[in-house]
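In the two assemblies presented below, chain A is common to both, partnered first by chain B and then by chain C.
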Partner chain A sequence: MWDFIVERREQIAYNTFQHFNLVVQAVLVATLIAVVLAVLVVGAPRLQGVANAISAIGLTIPSFALVGLLLPVFSIGAFTAFLAVAFYAVLPVLRNAVVGLQQVDPTLVESARGMGMSRLAVLWRIRLPLAWPVILAGVRISMQMSMGVAAIAAYVRGPGLGDYIFRGLASIGGANAVNYALVGTLGVVVVALIADALLLLLGRVTVPRGIRA
Partner chain B sequence: MSDTVANVDPAPDAADAPGAPKKSGRRLDGETVLMLVVPPVLVLLTFAGYVVWRQTADLTGAELEQLAWPLVVDLIQRHVSLTLVSSALVVLIAVPLGIGLTRGPLRRISPLVVGVANAGQGAPSIGLIVLLAIWLGYGFWTAVISLTLYGILPVLRNTVTGLQGVDPTLVEAGRGLGMSSAAVLLRVELPLALPVIMAGVRTALVLVVGTATLATFINGGGLGAIIQTGISLFLPSLIVAGAVLVALLALLIEWLGRVLELVARPKGV
Partner chain C sequence: MSTEHAMEPTSEEPPAEEAQSQVSGAEIVLEDVVKQYPGQASPAVESLSLTIPAGEIVMFVGPSGCGKTTSLKMINRLIEPTSGTIRIDGEDARGQSENALRRKIGYVIQGGSLFPHLTVAKNIAIVPKLLGWDTRRVQERIDELLDLVGLEPAKYRDRYPRELSGGQQQRVGVARGLAADPPVLLMDEPFGAVDPITRQRLQDELLSIQRELRKTIVCVTHDIDEAIKLGDRILILKEGARIAQYDSPEAVLGAPADEFVEDFVGSGSSLKQLSLVRVSEVELHRPVTATVGEKVGDVRRRAEAAGERSVVVLDSRGRPVSWPWLRQLKGDSVVEPADELITIDQRATLNDALDTMLSSSHGGAVVTGDRDQYLGVVVFDAVTDHIRSLEEQADE
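Coming up: the complex of A and B.
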């Protein structure tokens, strides 16, 4: 096992980075989309129900099925993997962003408006900062989920550590099957832990001082 | 004991009643209704569309072979039995484990166990399946074991949270009425924690039915086989057909979980 890793350390490091890269980019784009959607939806209670229903239904679709659905349109490769990961990543953030924006005390919004702040300023300086901890919790869920989706997307030549897992699968019975599968699986766990720690750190830095727990 | 519960429940009931002034209760209700009605309709319509496509489309040899009705029905059955067997095992393992972790000296290690299980959930499902297949060999039961391992966390976590969320004064009242601790568990704590536990069971069902798609990689059967064949032969119609069928089945199972959740909810909770 150790020799296996040492021999391939550069390649493993590269794939680990690629995995991290894919997931972080997808989650970043997904968070932007989800927050914009949540802002649009949160004013209308009926749309909120629809957004939550879409989020629940979307999370039900198996990731291997979604990868399959995307494949004929976007063909094999990194872009399909990115789309699949980003699709799932939107859903938990959307749900949490709706809840977070909803929880903002309306009197605060009103007093900000009374102070002469525009709607946009209220959104940017009052509502989003107050909802941020809840949104960030959604991002953490997204990030963890995306690690596994990215691994599956390797089946259609997506970048990252999933490739090792499928190589292990293809070489079952061979000498390196366990090594490949273990490096792939544990690598994803490690990347997930690192990404989660980074998000916790981000929370420390970005959550407004007044509402820190 | 039942008196205590009866005293607690009028508030939520009133909020659910039509025309009640409380907004939050009604909105939740609207979403529940939406999630109970929309998925089955969506599934029926899409499946009808699939049947029409299947009967009218010009399919080639390999496609006809993979999408033959007996084979598809067999794959669906396999997928459902993978899901149900694993989910049943999940409940049988996770609920007693969760109960054990909220009792006596084990209470202290419960954050540790839940933490480890949490980190374990970060492991990709496909990795777990492949590793177990290397260790135990291909087949249905290897798939069941990996699906079970994968589904345990949500149920375990929710059982612990649900039981910890039971008002201790209610437990004390039950004990004061002369109930044994086992009776308090069965007649007070578990019924009160049931909604939370069932939410975990639904999460596990969704996880398991989705992950069962990957069972095909280790000859565990299931609808993933159609997608896999489609990808390896590069037949888009197969890929999409398989993906649609899997998604429909997953939606149906999720819906089943929601219905179970509603049915299992004790009156007054």
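Coming up: the complex of A and C.
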């Protein structure tokens, strides 16, 4: 096992980084999309049921199936993998952002409006900062989930560690099969832990002391 | 909004020239203001016409659902009137953008409603920053306001709301409302969320601040005692915001317009007269004072020479901090005690004074003036003497 890793260390390091990179980019884009959607949804109460239903149903679609569905449209490659990861990443953030924005005390919003802040200023300076801890919790869930989804997305020749897992599965019984599967799996776990630690750190820096739990 | 504007006689109300400080408030005129919510049979506000003179405190009271809060929120257009006009300092409230209007009107609601993710300083800085003040001016203003509401700037500036008590949060709320020096301050049940003793102190402080600033303050409350205490005028509303009576507290108590007002003001209104007399009208006793850091021996000698058994201790800025018996003075020099002394403002009512006296071992209460400066002590005998003289006057 050790020899296996040492022989391929550059390749493994590269794939690990690619895996991290794919997930972080997908989660970042997903967070932006989810927050924008959440703001729209919270502003229109009729959409709330729809949003909840979509995020609940969305999460039940097996990621393998989604990758299969995307394949004919976007062909093989990193972009298809990115889309699949981002699709799942949106859902937990959306759910938390809706809850977070709904939890903002309406009297605070009225107070801000009463002081002469525009709607946009109230959103940017009052509502989003107050919802941020809840949104961030959603981002953490999303990030963890996306690590696994990204491994599946390697099926369409996406970048990352998933490739090792598939190679291991494909060559079951052969030499290095277990090594491939193990390196892929453990690599995903390590990357996930590192990403989560970074998000914790981000929370430390961006959540004001006044609302820290 | 300048002071000159506010001084211009815009209606039959003469400006208060004889006032000790300049009026910085603006007159508010409501004309046939109606609020009809769609789908509701009767309007929430059924044609309200009203003049709120510059520099006065007007209290809106009435049973819940009478439209008092709706009426208040129409002044800063948080609720848009269905018809009618509202003029502030002669200008139509609808003639400008709602945000521009609101930046000129302080807004204080129950509990202070501070933004929990911002420090005290940043909460106060919101409107000045919206108005584009430069950083230095904003910083100076924050310190000035914290001082005005009795919070030490260095200690409280960088705290978060959750690190403050309810009363302190409410004080910051008032400071935030006053931040950009608006001519008008709207308050919606401002002291509803605090305990009775804190409420009384906050009311006293508001009166003391108003004595200095002379804003136009419109305040909604459901508490008739609060209305009597704070209001220069009281507006008593019935359902649909119909005016039952709009008059001075004395007139509301002494000559209620109808049965509705009588019921609302309630029984025991002769006892409520105690809410009309201010502590400043009663003769104050002036016991020996000591300053923090003074030698205990000197203080003791001075008090004994004057025949006193207790002294009032002041801090270096002349604010009373404790009222110990002589035997409680220990050590070399007079120290500042850990617990806060409960004082009353000179604008407090005799009702409040009696409340405070009952909980004091001295049978009296320490009275303060502007910015908590020490004035003297009010004692039971002075209060009873004063009531007796009032009764004699009434009998004559």
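Convention: the second predicted complex is superposed on the first by the 213 of 213 C-alpha atoms of A that agree within 3 Å, B and C clash if a C-alpha of one lies under 4 Å from a C-alpha of the other, contacts with A are read in each partner's own complex, and residues count from 1 in each chain.
Operating definition for what follows: a residue touches a chain if its C-beta (ideal position, glycine included) is under 8 Å from a C-beta of that chain, and two chains touch if they have at least 3 such contacts.
What you are looking at is a predicted structure, and each value in this text was computed from that prediction instead of being measured.
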| item | value |
| --- | --- |
| Which of chain B and chain C A:F64 touches, first, second, both or neither | first |
| Contacts of A:Y155 with chain B and chain C, given as first, second, both or neither | first |
| First (chain B), second (chain C), both or neither touched by A:L47 | neither |
| Greater residue coverage of chain A in the superposed arrangement, chain B or chain C | B |
| First, second, both or neither for A:I141, with chain B first and chain C second | neither |
| First, second, both or neither for A:T185, with chain B first and chain C second | first |
| Touching partner for A:I172 - first (chain B), second (chain C), both, neither | first |
| First, second, both or neither for A:A78, with chain B first and chain C second | neither |
| Of chain B, residues touching chain A in the complex | 23, 27, 30-31, 34-35, 38-39, 42, 119, 121-128, 130-131, 133-134, 206, 209-211, 213-214, 217-218, 224, 227, 230-231, 236, 239-240, 242-244, 246-247, 250-251, 254 |
| Chain A residues within the chain B interface of the complex | 45-46, 48-50, 52-53, 56-57, 59-66, 68-69, 71-72, 144, 147-148, 151-152, 155-156, 162, 165-166, 168-169, 172, 177-178, 181-182, 184-186, 188-189, 192-193, 196 |
| Parts of chain A lying in touch with chain C, wherever the complex brings them together | 107-108, 110-118, 121, 126, 129-130, 208-211 |
| Partner chain A, residues of chain C touching it in the complex | 76, 78, 98-103, 107, 109-110, 113, 115-119, 126-127, 130, 160-162, 176, 186 |
